[in-house]
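Got some structures for you, see below.
You will see two complexes here that share chain A, one where it goes with chain B and one where it goes with chain C.
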Partner chain A sequence: MSALSSHLLEEIKALPAKYPQPRSAVMPALDLAQEELGHLTPEAMSEVAVALQLDPGYVEGVATFYTLFHLEPVGKHRFYVCTNLSCMLRGAEDVVDRLKAAIGVREPGEVSKDGLFSYEEVECLGACEYAPVVRLDHRYEVDLTRGKIDSLVNDRRLVRSHVKTGVRSSLDTTPEPPRKKPVRRTKKSG
Partner chain B sequence: MAEQRGTVGGPVLTEWFGRANLHKLEVYEKLGGYEGLRKVVTGMSAAQVIDEVKASGLRGRGGADFPTATKWSFVPKDHPGPKYIVVNADESEPGSAKDRYLMENSPHALIEGAAIATFAIGGHQAWIYIRGEYDLPYEKLRDAIAEAHAKGHLGDHPFGTDYPLDIRLYRGHGAYICGEETALLESLEGKRAQPRSRPPFPAIKGAWGQPTAVNNVETLSTVPWIIRHGGAEYAKRGTEKAKGTRMVTVSGDVQKPGNYEIEIGVTYRHIIEELAGGPFPGRKVKVFWPGGSSAKVLPGSMLDTSTDLDGLKALGTMGGSGGIIVMDDSHCVVKGAARLLRFYAHESCGKCTPCRVGSNWAVRTYERILANEGSQIELALLDRVQQGLQGGRCLCGLGDAAGWVIQSTMNHFRNEYEEHCLHHTCSVEGALIHA
Partner chain C sequence: MPDVKMVNVTIDGHVVTVPDGTLVVEAAKLVGIEIPVFCYHHKLDPVGACRMCLVEISPGPPVAQAGCIRPVADGMVVKTQSAMAVQARADILEFELVNHPLDCPVCDKGGECPLQDFTFRHGYPTSRIDGPRLHFQKPIPLSPNIALDRERCVLCYRCTRYYDEVAWEQELTVAERGVHSVIASQFDQPLTSNFSGNIIDLCPVGALTSRLWRFESRPWDLHHTPSVCSKCAVGCNVTLWQRRGQLVRVTSRENDDIDEGWICDRGRFDYTDVNDPARLRVPAVHGSKTTWAVALNTVADGIKGKGSKLGISLPQDLTNEEAFLFRRLLDGPLRGAKVKMHGRTALPAPSGEQLMIKDIDDARVIIIVASDTENDVPIVNLRVKKAVSKRGAKLIVIHPDAVDLDRHRETVHIRNQPGEAAAEVRKLADHELLHEPGGPVAILYGDGRGSEDAAGLVAACTELAAKVGAKLMPLYRGTNERGSLELGVAGWDSLDGVEALLSWGPPPTAGVPASVKFHAVWDHLPRPEHQNASVVLPATSFAERQGSYTNLEGRVQFLRPAVDAEAPLKESWDVLCELAAALGLPLDYVGIFPIQREAAKAFPALAALAQPPSPEPEPVPVLMGPARP
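Coming up: the complex of A and B.
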């Protein structure tokens, strides 16, 4: 049994043709693998390597360089909390404390008992005018307060299928598109 | 739903911001969008486009202020293979959010600008490298590119011509160093993002070994306006040597943080006090980073400093990415600097020893200082480390930037450092020390 589904491996094999040189497909391929599994297992990385005809060590070297690739299991909803300067000045430390209590974990990377949540402290998210900010389920949540953290967590506890129906971010000012086919990236949190 | 925070209806970049659905091609085009690209592909030569941009005096807004037309003219004209425009949409400099603001509001302006630039260097394809966390801007660009293709503004026959133009998107995966242009190119090629040594410069050997010009989002978003109105019109704004308008992001201890379009040459006082609403009642500006976390800090007493790029350079600092971080007198400079050093140490790609080792030394030194374990030794150590990080000992600007944070905060706020190191107290954020 392979770690990645056969249709995904087919999709990965088709990626190199999209780039001037095939190697550029490595990150898009790891993206697909991570979406399917939630995180990158050694087996998944070596299957990606085989599909792209690259050395497994090389693929792992790329995966470990970038912070958005996860080599350990993560919560279904992962909070990327910005604690860089502009957010720190606006109370990011408080946000982290509240979040830890709300999801019941002690440290970054730890997955909550129900498997729903984990968090990570990240560098500037490029939305400093809304500090403090987190990225959650592929959207930014802004102007965070303790109350907002609680409701972000509670909403996801109450409606576990929330993400599948598409969460609207407070930053998203576009009208809701008809969602016949959900965008792949919003299907799972990564 | 959070409102967009920043200038709408400004002079150049934000001219059409605030109009409903500006991100849709139909709206953008009705206002005059894609006129520039049409003009270029149907009636101008590449050299004429470069001349027009040269007349505007436009300089790169990614941090290095390099003249855009000059950069394009470095790309060889007679190269037999492909040539690329690579758009730097990796925006990760702490304090900078303006590229996100531009892409969210007006993705077509970036696409049009990238297409014009591609034409100007005699290429046919542009790649937008966008940081992985920018989901919404990515989706807006993806949809806008599809619209432009469907309308025939991109593709094999843009505006009925035989000059193929294509724009592709590539997502980053979380690494500040990818903003440095050669690290970005490595990443685009599917590698770990470690800066390349130069020469060869990207203009000769860039993406996939081909001649490439790397340009910032804001730089390219300005280009359609320049083509529509003429370079001379753009050059009427700004200062003697730094022309036009630019975006700044104001964040931190101000009442109205946001992304503002300013005419280059206005003062920081104007930006921080008037546009961004100034500090909170009863507070004053203690210190500000004038151009992203990598620009040397200026104390609140220097609010009347001009945003003129060369003036800032003369002061030893820079306009950089335009990220203005404001700290008021309720916040501790040492703690702020410590947080930034943690950032630089985390983001160091590890290729050069002074940067890798120096930034981590600094982090540990700051940790001791904030744990009340500082002394004369820590003060001296920070001074040694900042010297080691600076002065071209490192391959890219990250090492220098880390050194500048230490040096410039120590220079202006020696008293706060001494208080921490020698007296183990903090009169600013007392709670921190007693915790």
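Coming up: the complex of A and C.
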């Protein structure tokens, strides 16, 4: 059994053709692998290496260099909380505390018991005018308040229980989110 | 040769004329000025990662600049001792030491450590750092042979660059980023490369150390002897380090004609047998210890007059001198004996002009036939890699299995059926790469570890060489296979059916034939095969031996004893002379030099033996003037 699905490996094998240096494909390839698995396991990195005809060690070196590649399991939903200057001045510490309480973890990188959430502290997200800001998966959530954080968390919990049981919680007043497959991000080259 | 433009540079007031493009650090060496470096290494591409080499360069911006990546230009003025340069280097050293554990008293590098030396010569005398330092597991075993002490690492990347550029492997990488960067093996698995040990020599600090030598001794307590590796036919130059009669480490000794300062792990780590307490030291007949005279007479009686009923298994690493004496025995009392040399290829003695190892550098197309170069001729393999990745040579490999040279994407790998290599070679004449090679073509051939018909393969390669104007290099495997071939002793006979057997060195690969009634052993280690031996003679190991080897390109090099062959061990030429006497052939040599002189006269290939060079003098260390701020 390979860690990565065969169609994904095919997709990865097609990547090097886009670059003058075939090994440049390692970043988008890791990105795809992470989309599929949530985090990068040694097996996944080795398979990426084989698919790109690189050494696993090289792939590992790249993966460990970038904080956005996760080597440990992460929550299904990841909060990237900006704790840089503007956000800090507008209460980023509060955001972190509230978020920790809401998802029930003690430190960055820890995964909530239900496996749904984890958070990380990051540098400026480039949206200072909306501080405090958090990136939740691939969306920016801006002008955060405690209430907003709670509902971001609860929404996703409820959706989850709804999906599981097929019954929507009576407390759930949020519109049902569209049930699309997650959009695959592919990094633009260059 | 295209004309290289020469330029004049002034370094600390000395004017030096060097080819355009020379790096400032290299130009400075020519006038005896050492610019300290960590990341720069003359065999690796410069990266400018550590900034240890900061000097003042004008014309240029008024900041200290890295001398290891700056090529000289005409009229350039370099100051290594200006206030700016001196302070810049001291500041860099202060940073280097922020997390350094300063455990020099227990560090194996202590005494030969550039970080230590540079701190003395260029650093601030006191430290201002009193904060907490990074700590790591200590030490991390990178492989059974290499230990990593991460906090000593100065992140010069010499080790990972070497792995990538020279060995074409990436099992050693930099993990994490910034201040958290560490050197790591891939997925923390042990290193497996046959070239891993070179990173120990390369590491400018004690971060990478040999586990075989760890905490054994301080470098200044060792005696060192320049010698030659005895593990394969490449003949890399090595330094043997001895302490109290023990061989404690083997390091590389740069010879640009052969090894360029690299050795393989077999050459570096495969030496502990020398110090084995179980080493054979006293001759024995039927299991009871005796004198050399008794033992040799017993051997002589057992093997005399046996003709083709006598089998002799030869070690791969016998010296030319031993081979010469042995030849005299074969021509005399042991005439007709069947001889089988260990570890040799089926290749015949070379004829005509051969390719030298250093010529591989300039080849435009390299063809490797029927040889697993990584394991059979490791350092030649590195030369090929250099020619391909640093000089753009094209590579064609003919081999049935995957080889490590396939790591280069442009390697043309023709997978032949075992035994069909010659046919593939013949087809090559029309290969597109050979139409307009644009320079020399090199053909390196082995014998496919016996799977190819050697004579046919040599013929095919010679034919191809004539067609495309290539030079040939036979890739012998046995350490002194070429010398033994030239002396006519490298036998290839089957030992089946012999009645008397002399196993010189390790036992015959095919085992001791059942027909053997008299078995004499001459070996340095006890082995199960010696059980029923009639006579066991103790042999010297490579570290105690003197003499010469002819490497695969025909170069005669001298082996020097690092450890004394203490009585009752006897030097092998001495044993051979006494055995000859016992067999009725008086060979009266008073030492090894008369043997060498006679061999030089008798065999033109051994002419170099007439005048063994004295061991090269120690390089004089270059020191900079007072440099501390």
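Keep in mind that, in the parts below, the second predicted complex is superposed on the first by the 162 of 190 C-alpha atoms of A that agree within 3 Å, B and C clash if a C-alpha of one lies under 4 Å from a C-alpha of the other, contacts with A are read in each partner's own complex, and residues count from 1 in each chain.
Here, a residue touches a chain if its C-beta (ideal position, glycine included) is under 8 Å from a C-beta of that chain, and two chains touch if they have at least 3 such contacts.
Since this is a predicted model, take the numbers as computed values, not measurements.
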Can A:65 be said to touch chain B (first), chain C (second), both, or neither? both
Would you check which partner chain A:55 touches, where first means chain B only, second means chain C only, and both and neither mean what they say? second
Classify the contacts of A:90 with the two partner chains as first (chain B alone), second (chain C alone), both, or neither. first
Which of chain B and chain C A:80 touches, first, second, both or neither: first
According to the stated criteria, A:157 is in contact with first (chain B), second (chain C), both, or neither; which is it? neither
Quick check for you: in the superposed arrangement, does A:24 touch first (chain B), second (chain C), both or neither? first
Using the superposition on chain A described above, determine whether A:123 touches chain B (first), chain C (second), both, or neither. first
In this superposed model, does chain C or chain B come into contact with more residues of chain A? B
Which of the two partners, first being chain B and second being chain C, lies in contact with A:148: first, second, both, or neither? neither
For chain A, which residues lie in the overlap of the chain B contacts and the chain C contacts? 61, 65-67
With touch defined as at the start, can you tell me which chain B residues reach chain A in the complex? 1-2, 4-6, 23, 82, 91-97, 99-100, 104, 131-136, 139-140, 168, 170-176, 187-193, 207-208, 210, 249-253, 257-259, 293, 323, 325, 327, 331, 336, 339-340, 343, 346-347
Residue ranges of chain A in contact with chain C within the complex: 22, 42, 45-46, 53-58, 60-61, 64-67
Under the stated contact criterion, what part of chain A meets chain B in this complex? 18-21, 23-28, 30-31, 61-62, 65-69, 80, 83-86, 88-90, 122-131, 135, 138-140, 142-143, 169-174, 183, 185
List the residues on chain C that touch chain A in their complex, please. 169-177, 184-187, 409
